[in-house]
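Structure in structure tokens, see below.
We call the chains A, B, C and D, going by the order they appear; numbering starts again at 1 in every chain.
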Amino acid sequence: MAGISLSRARTIIRKTLDAGKEMELQPLSVIVLDAGGNVQAFERQDGASPGRFQIAHGKAYGAVMLGMPGSAQMARAEAQAYFIAAANGALGGQLVPVPGGVLVKDAKGRVLGAVGVTGDSSDNDAAAAKAGIEAVGLVPVI
Amino acid sequence: MAGISLSRARTIIRKTLDAGKEMELQPLSVIVLDAGGNVQAFERQDGASPGRFQIAHGKAYGAVMLGMPGSAQMARAEAQAYFIAAANGALGGQLVPVPGGVLVKDAKGRVLGAVGVTGDSSDNDAAAAKAGIEAVGLVPVI
Amino acid sequence: MAGISLSRARTIIRKTLDAGKEMELQPLSVIVLDAGGNVQAFERQDGASPGRFQIAHGKAYGAVMLGMPGSAQMARAEAQAYFIAAANGALGGQLVPVPGGVLVKDAKGRVLGAVGVTGDSSDNDAAAAKAGIEAVGLVPVI
Amino acid sequence: MAGISLSRARTIIRKTLDAGKEMELQPLSVIVLDAGGNVQAFERQDGASPGRFQIAHGKAYGAVMLGMPGSAQMARAEAQAYFIAAANGALGGQLVPVPGGVLVKDAKGRVLGAVGVTGDSSDNDAAAAKAGIEAVGLVPVI
């Protein structure tokens, strides 16, 4: 299974948190999943609420399992709510279909995994994830 | 773990029920959760329907796990129903995103837990919770 | 549905905790369910681990739903493990079939609900529950 | 909420992985939970199998929710298998009751959370966790 090495995952998380600090965002939680939808690494900043693992996971899990970043899932949810609700049911109720679930591709366009960020507005979450992914030379699809 | 001592939780519950009596509300059920979302204490008044534990729990659980009181969850559900539905799925289907789920903070702004009240209108439930929390010198975020 | 008034449930919980203190037990958690298996009241003492609601609930829930106290469920589990496992599956995985799940009857032998206690050894948990139930003039079936 | 700061959680994870390297263990996965059983941080080493988040989580979750480290849960499972099976059901099927689920206490004996390690033998997993926790001046209960 393609994936993101632990070393790279750590850097993505740190750079995402750095971006959050620069942007003066609320405390963030950041997850990195591999291309199979499995957890590689996660960090929750001090002050974030306790359920943030589940939300970060849901954003990234939907992105990698459907091959659609959170923004595309949100557009689909607004156009056809029952489709995303049904896909969510089929995937065990784990999706959180809003921005902040970001696909990670390599330079050749292969999906390596996904990053999920939660804590501030969905758009700010996605912007922080983008900065983290670009910091390791990979390609975010937000 | 930081939280609300049993002694304080008892007083919150009694004062919430007292407020309900003064306001002439329907029979109330009141739960106190710690800052990790775990149950500290619960009481259901005589005459309340049997499923009130689950409703009170869902109100308080969502508040503490997302760091958002029921009123904020309700506003988000009205603006973006599928987000709250999805967050609920990610948290095991346990949220009840309406007023009556009230965050409990100390004077320094740290979250100590949450109170969930159910039995009357959501706004009355929240008002009773507020009275109970203030009675022990803590800060409700309704 | 037959049940235990909130006032009586409170007294059962206090007297169970008093018995625990006298017996020098670990911090206890005590739940009272009505005759329909629904939560009436619960308290977790300071120092008890956070998952004690679920364990106390499982002890009392099995007692009232099967009409068998924890000791009888344990005997059955030892004689015929697959029966208790299957009953547990049928009841949503919520049973904890050991002493500390105590049926509450009135003087005429009618089941009014159950008490679940956890925190010390199962036998000590049951002894504390017995003291609490007898303190309100009801009949424990341990 | 009381717990383990992200900075400390990171150090625990790194020192646990360092210990695994020194002991020449298989690739490890390490989770840190707060005192409420919620995820603070997690890392899975390259080469570990994809389901290791769930195993690490189950070891740590059982420890914190029951207030019993994995070794004590294993002893109980060997003496009374149906009790641990039932406790697992009551806690949503999330327990993994073997060594490698280690409670984290401070110098005053308060539980701050738990560490879960998986990848090598259960005893080696626990030894690595112990080294990680001691490296930050906290007290492991293995």
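In the analysis below, a contact is a pair of C-beta atoms (placed from the backbone, for glycine too) under 8 Å apart; a residue touches a chain by one contact, two chains touch by 3 or more.
Everything quoted here is computed from the prediction, not taken from an experiment.
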Fraction-based call for chain D against chain C, same above half, different below: different
Cα superposition of chain A on its sequence copy chain B - rotation in ° rounded to nearest 5: 85
Centroid distance [mean C-alpha coordinates] between chain D and chain C, Å: 30
Where chain A and chain C are represented by their mean Cα positions, the distance between them in whole Å: 43
Chain centre separation in whole Å, for chain C relative to chain B (CA means): 25
Residue list for chain D, restricted to those that touch at least two other chains: 1, 34-38, 111
Chain contact graph, described as a line, ring, star, complete graph or other shape: other
Contact footprint of chain C on chain B as seen in their complex: 1, 5-6, 9-10, 34, 36, 38-46, 50-51, 53
Chain A contact footprint on chain B (complex, rising order): 35-37, 64-68, 80-83, 85-87, 89-91, 93, 111
Parts of chain C lying in touch with chain D, wherever the complex brings them together: 48-51, 54-55, 57-58, 77-78, 81, 84-85, 88, 93-98
Interface residues, chain D side, partner chain B - complex: 1-3, 34-38, 92, 110-112
